[in-house]
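Same chain, two partners: chain A is paired with chain B first, then with chain C.
Here is the complex of A and B:
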């Protein structure tokens, strides 16, 4: 089943005017595919994830947005996806050290998930299913792990436990919110492999939230670039990597430190590239292109005219919102 | 096991300190013990006999030594007034106090946790404010005052519950009826305190990431709060229960006096009034023992609740 999100907008209330954290974000994830949602800190990536789960903080308000799963539409403003949590929807979190309850065993967590995901099963059967799930995410000695507590496991192992939870929930959409940020690089690859294995086994859609373009180009089919709450570019990950349509995507890719291959415009020797400037104040209405103030290709018109999506390939899968596309 | 041994050592040391302090304190109260015990009509012969029996003619260190060596053998001596073994006197009233304090503890826990849960789940609503107000009122009203008000209201005016005593032995219903008011009087303050504590601990726990994980997997909110958050919130609660039980036995003095219940509290009060120090010493020693056992139980319960505490205890760290 394909998962589509359309016109998602989220405001945060605080002192003074509302902060428009996410504005009119839409994307589609076909079954068995992984979409990488990238952006810098504060771009609204996690807000998108939590809005889909219906787990936003109390001061957040979903202004508009729908999620379509296999032909059925769920109104996000009415928190309609909340009943899907635990079977239609599942999530893997950023910090595996904090995402398990310290006073309950691994088994207790998995079996609790099964109360929601497999309500008819007997207690013994649930335990067997939990053990099986741990074996699938390649935890050694799964039977013993069931009776262990989170503090007895390493960060990578705990993240595998959460992946096992997702596996048991059999979701249509799995959201992974920076699943490897808190882990070291050697563990990163194995955790990503398990997420891919889960995607392939369940043939589910995966939304990978990350600020690592390397992760996206390596594991994701599609990519979406979020900036200050707006989607600037989306399309096949390879296509964007090869030929970024939006200046922001290009600058982001330039910021990555390329280890394995020389890039099109090689970064200056021994220096990291940064994008100058800061995110705009989202409490004020944005006129024109949201990235205009930091863009190296901006012209006067960029600050006034809101750019619409420009198709960059035949099928219309690769789109970017920039006035300067095509201009030299 | 090593942990239990260490705790037993510490317990022995505590007991020794308490007994020493008690011994010195009661003997530094001005006035001649034998004369006060016997009252103004005491004959010199009688006085001399009491002094000899209580060993008051010996120096204080000998007295202390005699007392301690007897206690180790479980011999608290004989009461010079009633001629009965002091151990029997204490053992006779001890169950009353334990039942009273135990019931009060049970009531405080059940209602305290329940009200704390309700307040935490309805945070910011009128129910939360009302419970907050009630809790503070409960905590700040001394059980002495509560006892008197309950007695006047429910026994004198409404005649719902009996006024005094512990009820007929063998008649459980009668005993329960006698228990309701004093146990409520004792528990009220702790209900308020526990409700506040559970509310605060729950609110803190409910913001933690593992709670969000459970929400993300559709675990019903009542299970999240009532099982997963509550168990973490119970750790600080259990820690204070050891002290709580001690406080309840202490406050039981008032409840036992006002409701005329025989118990350790009223026994100590009456014995101090007549300077019957051997009985006071025995009763206090029993209370100290209960207190120490309660605090050891607290550690054991907490290590069951939180495996990280169990590990810390095993490794000899202070949890």
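Here is the complex of A and C:
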């Protein structure tokens, strides 16, 4: 089943005018595919995730937005996806302890999910299924883990438990919000491999929310670039990496420090790329392109005209919103 | 070449657990030295020991050739030699102190006249691209990036010979991470300073460090010229670390 989100806009109420955190964001994730939603702090990427789950804070308001799952449409402004949590929607948070109750064993967490997901099974069979799920995410010694508590496991092991929980819930859409940010690189690689394995086994759609372009280009099929609440570019991850259509995507890719980047001697001679300027104030209305003030290719028109999506490939899968596309 | 940080035969433990086991390490003066390794490998504990924030069970740590005790006078003496930059800048700035008051504390420790210190401070703020107005503000009134730079400004004001940074780029977006790294690089080019950097960002440490040490389970499993370690890793763990790194190119 394909998952599509259309025209999502979210405001936050606070002191003064409302903050328009997400504006008119749309994307599609085909079944069995992983979309990497990249953006820096303040881009609104977590707001997107929480809006889809119906878990936004009380001061947030969804202005518009629909989610379509396999032909059925859910009105996000009416919190219509909330009943889907655990029945089609699953989420992996940055901190696995948010998903694990400290006073329950690992087994209790998994069996609770099976009570909903596999109501016909006996208690013994459920325990066996839970053990099987832990083995699938390559947790060592799964039988013993069932009787352990969250605090007895390391961060990477806990994240595997949460993935096993998602596996048992059999979601149509799995949202992973910075699932590896708190983990070491070696653990990060193995947790990402388990998320990919889950995607392939369940043939579900995965939305990976991250600030790491490296992670997206390595593991995701598609990429979407969010800046100050607006989608600036989306398309196949490889295509964007090879030929970014939006200047922001290009600058972001340039800032990424590659492990095989040429090294100058002495070490103190090496310098790093930055994107100058700051995020616009989202409490004020944005005119023109939201990135114009920091863009190295901006012309006068960029500050006035709102750019519409330009197709960058024949199938229309790779799109970027920039007035300067095609200009020299 | 003088040795900025000399660690010999150091063991550190918490209760029954040994975190650092008979570790020796020399950081040459006026270089950037990177320590990499996974969480729990003991890198932060080692850094805290060098800063005098962690008791050592066995062994000895010398900074610029000198040993330091635990008394207040010794702590002050040590603070002129080594200064920390912590991962979370907010942890280094008291929420109840205006940034300016915090900077004046340095004058007290150094016994320097306040006017002379303020003059040096102006120069440091200018270099770090911080407006003077932040001196009148509380930490919560400035941005995260400014707080990070304010913590570095305070450290530099002490005129340390060694700056010890624990995960200085953790949690930063790539677009602003470069700014901090360029600043550290500029310090290296213009000052006689030693940088000891703890990080798990291999791509970054490969570019800024002259030498690196790879830690695993409280031991150093490999060390050498950054170039050599990254080009021809000898230890299986170092190879695993490098292979796990997501590549963008």
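Keep in mind that, in the parts below, the second predicted complex is superposed on the first by the 313 of 328 C-alpha atoms of A that agree within 3 Å, B and C clash if a C-alpha of one lies under 4 Å from a C-alpha of the other, contacts with A are read in each partner's own complex, and residues count from 1 in each chain.
One rule holds for everything that comes next: contacts are C-beta pairs under 8 Å (C-beta built on N, C-alpha and C of every residue); 3 or more make two chains touch, one makes a residue touch a chain.
Predicted model only: the values in this text are computed from it and were never measured.
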| item | value |
| --- | --- |
| Chain A as common anchor, with chain B and chain C clashing or fitting | fit |
| Touched partner set for A:104, first chain B, second chain C, both or neither | first |
| Partner chain in contact with A:80 - chain B first, chain C second, else both or neither | neither |
| Chain B versus chain C as contact partner of A:91, first or second or both or neither | first |
| Contacts of A:116 with chain B and chain C, given as first, second, both or neither | first |
| Which partner, chain B or chain C, touches more chain A residues | C |
| Which superposed partner A:155 touches (first chain B, second chain C, both, neither) | second |
| Touching partner for A:189 - first (chain B), second (chain C), both, neither | second |
| Which of chain B and chain C A:274 touches, first, second, both or neither | second |
| Chain B versus chain C as contact partner of A:169, first or second or both or neither | first |
| Degrees between the directions from chain A toward chain B and toward chain C, using C-alpha centres, nearest 10 | 70 |
| Chain C versus chain B - closest C-alpha approach in the superposed model, Å | 10 |
| For the chain B and chain A complex, residues of the former touching the latter | 208-219, 223, 228, 231-232, 235, 305-308, 311 |
| Touching residues on chain A, where the partner in the complex is chain B | 53, 55, 83-87, 89-91, 93, 95, 98-104, 109, 112-113, 115-117, 149, 151, 162, 165, 169 |
| List of chain C residues in touch with chain A within their complex | 32, 38-40, 173-179, 181-182, 185, 188-189, 200-204, 206-210, 226-227, 230, 240-242, 244-249 |
| List of chain A residues in touch with chain C within their complex | 40-41, 154-155, 183-189, 211-215, 217-219, 241, 251-253, 255-261, 263, 265-275 |
